[in-house]
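Next come two complexes built around chain A: one with chain B, the other with chain C.
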Partner chain A sequence: MAQPLVKKDDDRDDEAEYSPFLGIEKGAVLQEARVFNDPQLDARRCSQVITKLLYLLNQGETFTKVEATEVFFAVTKLFQSRDIGLRRMVYLMIKELSPSADEVIIVTSSLMKDMNSKTDMYRANAIRVLCRITDGTLLTQIERYLKQAIVDKNPVVASAALVSGIHLLQTNPEIVKRWSNEVQEAVQSRAALVQFHALALLHQIRQNDRLAVSKLVTSLTRGTVRSPLAQCLLIRYTSQVIRESAGSTQAGDRPFYDYLEGCLRHKAEMVIFEAARAITELHGVTNRELTPAITVLQLFLSSSKPVLRFAAVRTLNKVAMTHPMAVTNCNIDMESLISDQNRSIATLAITTLLKTGNESSVDRLMKQITNFMSDIADEFKIVVVEAIRSLCLKFPLKYRALMNFLSNILREEGGFEYKKAIVDSIVILIRDIPEAKESGLLHLCEFIEDCEFTYLSTQILHFLGIEGPRTSDPSKYIRYIYNRVHLENATVRASAVSTLAKFGAMVDSLKPRVFILLRRCLFDSDDEVRDRATLYLNTLGGDGSVVETDQGVKDFLFGSLDVPLVNLETSLKTYEASEEPFDINFVPKEVKSQPLAEKKAQSKKPTGLGAPPSGPASTVDAYERLLSSIPEFSNFGKLFKSSAAVELTEAETEYAVNVVKHIFDRHVVFQYNCTNTIPEQLLENVIVAVDASEAEDFIEAGSKPLRSLPYDTPGQTFLAFEKPEGVPAVGKFSNTLRFIVKEVDPTTGEAEEDGVEDEYQLEDLEVVAADYILKEQVFNFRNAWENMGPDFERVDEYGLGQRESLNEAVTAVINLLGMQPCEGTEVIASNSRSHTCLLSGVYIGNVKVLVRLSFGIDSSKEVAMKLAVRSEDGTVSDAIHEIVASG
Partner chain B sequence: MILAVLFANSEGNILVERFNGVPAEERLHWRSFLVKLGADNLRGVKNEELLVACHKSVYIVYTVLGDVSIYVVGKDEYDELALSEVIFVITSAVKDVCGKPPTERLFLDKYGKICLCLDEIVWKGYLENTEKERIKRMIRLKPPTEF
Partner chain C sequence: MGSLFGYRDSSPSVKNILLLDSEGKRVAVKYYSDDWPTNSAKLAFEKSVFTKTLKTNARIEAEIMMFESNVVIYKFVQDLHFFVTGGDDENELILATVLQGFFDAVALLLRNNVDKREALENLDLILLCFDEIVDGGMILETDPAVIAGKVATHTMDADAPLSEQTITQAWATAREHLTRTLLK
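Now for the complex of A and B:
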């Protein structure tokens, strides 16, 4: 028994001694590198030192310029040795050192010698090293040899030259482009790798010449390509040619499809997969084209190789976004992947299933996911949670099962990002599915009972304060909120106090009890909590009896702050303490307009708690307050709708102007938001002069000029028109910005006294029918349609003429009417020939309207549409038809 | 492009680290990301069994060979399938040099040769050679046999 034990110990000793890099240290190795200078070179020793240097470099160690240059010079001495192994090391070492060493050019002559050597392998390696250290002048000198090397009989030499060409193309494109004849020849090489490298280089040389790429693809798809890697490249280039020629060919005879389909039967999996993916990514791919690709991907799903399973499920996941039905055949195979050892594969499988699943499979799927969730990392869980959220919005009737699932995983362990994703999802579901509200709020309440994240607790408390008072039984939430006052840190306690006060303000019957609780908070150890409690008790007023809270108080306490926080912050920063107190009324109310890209990025994702919705209600509220504060417009009555801002100037012009159209029953007010982007100018008496000759129904009824418009501080000027009551009058307005401009001294910031009158042409503005219709979401369109009844139903058919696609026609009609698409019917499958779109809205005069649009497209792209309208008023139904008929 | 080839021992220490087109300040991040990925997933994985992951538009294929874990990171044309080809070439070359799936000691012993192999396989982010026989000859500066 003792024997083997001893032996094992010996082994271990060996191991420690044996490790060639034990205690390796840069300084010592650099010392050792002096052996390179020995007159009698010891090749073995030199190789060992080079290995040590490589080890250091490969560990991320860096050499200073001096160190690198010193070693580099020493290494060049090793060209004297005839030892082949050492020479190979030297090539590698020069490449590794060349980026950090000076004077690398010193080695050129040795390399040029090797490049013309009779030994092929010297040639190949010398080419690779030379290309690493070369510049334009040197390259012209060696170009002749490189061109020869590309067509060298030895595939290693040819590949070395070709791959060098790929790299050199980045730095010296004009030289490498001269090699295209040789590269063309190399593409026909019998050596697989040479063909691969040559094809890559040739494509890069010609990538900006569409015709040349097309010719290259045409000739190669007909010939034979030996290397599977080259075949993959060819498939990619073919996809590119197909993409670029899209639109110029008739549907039905897509060029090169047969080639791609043929590649699905190739013997290399890499090629099969590449072709399958290329087919799935074809623009406007039909189901018939998709089928063979989906079939091979389905086979890959059950492959024993994880990479193939991953690749297949990743591609199917993408297809499921646009063609969910095409992927349903693979559902069974994907379900078995949920238990795949590789969690990336399992997550992709689940998210794909969530996209392709139908309403009936939701419950079964949820059961499988529950088992799966416990053993994956947070980042995967977040992906699943997001997929479940979309699923729930797609099948609102299934909210119970999905909400339960979310609440269950909320109770389990997890990091902040994961918990936030779940809470955000629950909040979005509460907002979008009214039936889910009560259960969702209770889940959130239970969560904050044991929530370790202050941020989430405060956000949920804020949300509870908004939604809780509007439920059927608000009192049941009080316990959860008040518990926070006892159990949490000061930040959460302060939030809880605010939430309690909201319940007190909104629910009169709860007021006395809330008062008792708030009074207890007066003794809190934290001053912010005490301050809030005092503020609320005093402002809500009274002695805590059941009385209605004054609307003004509610607005003061819980209304949105009328000014953007950014502006408030800037104003506070510039405020200098003086006798005059800070006045919030002087804070500019207009948000600086953001670049368009930023706006788009923001609107992409549904927002959860982090960003409270800037929904139409709150924006309209803000506008309403703004307009009613202007005496000229205060008697216009209730604001019906405010449009989104329409830009009247190009981006980055001297003056940026956009306009918001405010629709009242008998008036229209244009709010021009102006920004002066020239630091050297101050504009005064800014007004927009409007020519309304193409808007006959409108009569100018008042205006409010902008007194002063300093640099980079947005301001507004208004113009009001009268129009016939309740009539959706339309018209076109041409606008000119008029102002007095004064020069500003940039150093002092002071403006000159005298100014010059000037004007600036703006884009035209139109008031259209859609401005008179409010978007309104309905969750069960069929119910709403039945409830509306057929009394005022109007049905008619329209020809929409030739359209690019069905999608384009549907979008055009939705935009024309300005109504809310329901149940996701604004999305249409890319190849469908017919589609039904459901819209809902409120017409001016507060009349509800529902619209059912049925579209059909024929082979010549003629689109026909049947429009069925139901509303509470026959004239409104007629008006909708008129809008469509005249649009 | 093949963004990175990385070898680590079973404790997560780096043995070889080669980056292409990755800014210096991001390398440390990649190193720790990959090592963590391996620590989370490679336990109990068989030799040369491939694991795959993607992080944004970047793909990662990784595996174990003896005491050494190997990671290959790529983007664009070097997707998971191309990378699996790359890692296959790397593992077979390493096995060939070491004679078997290496222990850490054996790997370090053959370090120089392994570096030469990598130099033949990946050339500044592009796959250059794919056959282990050819690589075996080329690191000794011998022309390929088929020629």
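Now for the complex of A and C:
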């Protein structure tokens, strides 16, 4: 029926599948392109061929270099025709082909001719094409025309020049910046779109000049901006100015707020919305400022247009994160959106409601959500689950309804990420809401009965092993766990065996039954499962006698690994198999502080199951090896802590010196890292002379000078002090660098025979209390706190005086104590008035310390702090208080 | 050109405009951002956007969704699916205005016979439409009448000799007059 090669012009086929491009083929079209070379041009036919070529490109077909060049040269012939339609297609084609520099030259003159044509359409298009394909050199030739075009009375021409300017600014900023007078004039244009394009270009030209942008905004917000698009731009620039001037203006009325508020009454919806969004995003926005914006967004919520509803609910959702109370007025409108046809809108409405809802509305909300969960995608479900988790933490009394909801959705179909989000949420609820523990554990047990994800099964089993034995009736979990040993793959079986052993160790009454089960595992087909079973049977004394499990075994089974995994990994890598067994006590415990970005990412979400204890690489190893290689210091024992390097010189001085403090039980070693930055000098016998008169507890105990310090090769000199054992002695040391300096001939690099003694003053160094506290990450602070018990708890309150912000006060105390902030509590919401910060560390003498800091700030920026310390030793708790009291 | 996208303070920008048929195949597409560097990346994007929106009813009002950190606004008529994509942070209503401008301009140019067949037969007009709405991501024009007017100026160059005008060109002139009257 359909012929193999259907031409566009003839035989229209009435079949449904008819397409003018049916059976189109690149080779044939390239052949057809020969008509471009005909002396008598058939404009219509040429247009058709170009359309075909563009169709091919649009479908993803590519031309080889040769083909593209051929087509390009053929197309340039078409400038002879004066048919406007054809010319338009020629312009399009040239842009699509993006010719190379040497090809551009061919069309330049034709395009420049069009740029000066009487026909505005030619001029506008020629400008756009030429600016698209041109390079910098050509640009200077046509610059004059472009400047004229910007202020052309025809809006299409002006817009073409302005938009081209916006693109050229990326590649040739210095040229475009010369046009600012013309652009400025165009901003006043009566044509709406010209104003929009001119404003965009002018702002980009001046974007690095804050004052100029501020002036621009000031003058335009007073005047009339015609196009809604330009108005939107102006709103964006205004919020930029507000943001940048935020620091300089103190309380009182925000500049330009009135303008933004005025835009809320604009007739174009896009402007109203842009302004409302800008207001909600103002830094430290007040409720009074928010109200008018929330009101217009609320109106949008009941619009018939999905786009409006979406835009409004998305913005309100963001507001709800920081100002939940401001959004509660919209709750009724929001609830009707739960049944919105558009699932994106419905999800946003739900999560907003979950953030703003109060305790009484939870049950009703959950009922609505249940109906809705089945028909949304996994990615939305995860958002809902996370919102429910935070709701539950906010209203712990409602845990029953929320836990039921979570367990119901856990049974339904879903991918790994979704299931993991649910399991994580249940785990967090179990940890934080004691009442939810038993039901939560049972939900998890039921889940692993039918769980296809090995990772989740093993994580849940591990968690059961920790929490299960402490419940009122641990025996009911045994069945679920032992079922895993029968039905699962080796990985899950092995982890079930470990969990069983934990029940056996913790619950004496269950021991005989656990032993029976473990013995059955000795015949498992997998060696890991057998090994674990054997190990646990032996450590727990599975010879039949029911004995109390001794503390050592418990520690072995449950004690969390008290070294960072990364440190353990490096130690294991450097461990060479030898006679000596590997000793875990030699693995350094110091957690190196992490880069800020990483921390931020971590603190974003509360960590659930099996959050990987992200251990950063450590240099502690290196220090320990270095120090033990120096005979004078080798008998100092185990290195407790090495501080970060402290600079003792200003940047770019003759000699750069920094110091690292190494703390041992009875000694302190200062490691001075020196760099000589003078090419004409060689330093010899370099030592740091220290005056310790302000550090009474320290007695100098040895030094190791640096023999020679050539130019630009760092070297170290060491100084050791003795101090009372286990005492966090503090003091101030003044330092002087002493050395013999020898002149170096820069041409030969040889040093002179004789040197001169010289010295160089360094800055003082302090040993502070924080040097005696190791950072130690704790992943579940609440558990750790409960386990520590209140025996040596010390609580007191302190006034910290006036501070710039709460953030500053919290950071100061963390630095003073030198402890590890836990669970992301070092991050403070920008305008909160109170904050609780959790810290963990190890005090010298290997005493674990946990600190709970509660801060509050009042309107006059006075900060008060409550400090609660728990540790294994009362004197250590007191010492922490002393540090704070004296700090 | 990539730097045009992604600033919060920058001008509104469009990442792509898509016109797909009822099976998700391309009728005509135009990409302005480098987010989809290869043809296969583009096709994959089109496929997912098409599948995700297929079951929705976007025939009366334009619909919207978030997809891979982009805002996608779409509207269907007959066997044609219109899409406009912008960044995560873009003002949704501006993108909707672009879509509406494109949608209505195409309706004007195809004399309200908006379907795949008509669109393919007038593909040159559709491609010119893209060219008049957005230039390298920057919005050029959103008024459908103006867009269609600029696309439809198929007249002869004013100072061209009459002899060059053929029957076909006369036809084109006639068509343009027809469009003009429709626009009013």
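Simple rule for what comes next: the second predicted complex is superposed on the first by the 540 of 887 C-alpha atoms of A that agree within 3 Å, B and C clash if a C-alpha of one lies under 4 Å from a C-alpha of the other, contacts with A are read in each partner's own complex, and residues count from 1 in each chain.
Throughout what follows, contacts are C-beta pairs under 8 Å (C-beta built on N, C-alpha and C of every residue); 3 or more make two chains touch, one makes a residue touch a chain.
Keep in mind that this is a model prediction, so the values were computed, not measured.
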| item | value |
| --- | --- |
| Contacts of A:I84 with chain B and chain C, given as first, second, both or neither | both |
| First, second, both or neither for A:Q240, with chain B first and chain C second | second |
| Which of chain B and chain C A:N154 touches, first, second, both or neither | first |
| Touching partner for A:A43 - first (chain B), second (chain C), both, neither | second |
| First (chain B), second (chain C), both or neither touched by A:V66 | neither |
| Chain A residues contacted in one complex by chain B, in the other by chain C | 18-21, 47, 50-51, 54-55, 58-60, 84-85, 87-89, 92, 95, 119, 121, 128, 132, 156, 159, 163, 166-167, 193, 197, 200, 229, 232-233, 236, 269-270, 273-274, 305-308, 310-311, 314, 342, 344 |
| Residue ranges of chain A touching chain B (in the complex, touch as defined) | 15, 18-21, 47-48, 50-51, 54-55, 58-60, 84-85, 87-89, 92, 95, 119-122, 124-125, 128, 132, 153-156, 159, 163, 166-167, 191, 193, 197, 200, 229, 232-233, 236, 269-270, 273-274, 305-308, 310-311, 314, 342-345, 377 |
| Touch list for chain A against partner chain C, complex | 8, 18-21, 43-44, 47, 50-51, 54-55, 58-60, 62, 82-85, 87-89, 92, 95, 118-119, 121, 128, 132, 156, 159, 163-164, 166-167, 170, 193, 196-197, 200, 203-204, 207, 229, 232-233, 236-237, 239-240, 269-270, 273-274, 277, 304-308, 310-311, 314, 341-342, 344 |
| In the complex, chain B residues that touch chain A | 14-18, 27-28, 31, 40-41, 49-54, 61, 77, 79-85, 104-105, 108-109, 111-112, 115-116, 119, 123-124, 126-130, 134, 138-144, 146-147 |
| Contact footprint of chain A on chain C as seen in their complex | 1, 3-4, 8-12, 26, 28-29, 39, 42-43, 56-57, 61-66, 73, 91-94, 96-97, 116-117, 120-121, 123-124, 127-128, 131, 135-136, 138-142, 150, 153-160, 164, 166, 168-169, 172 |
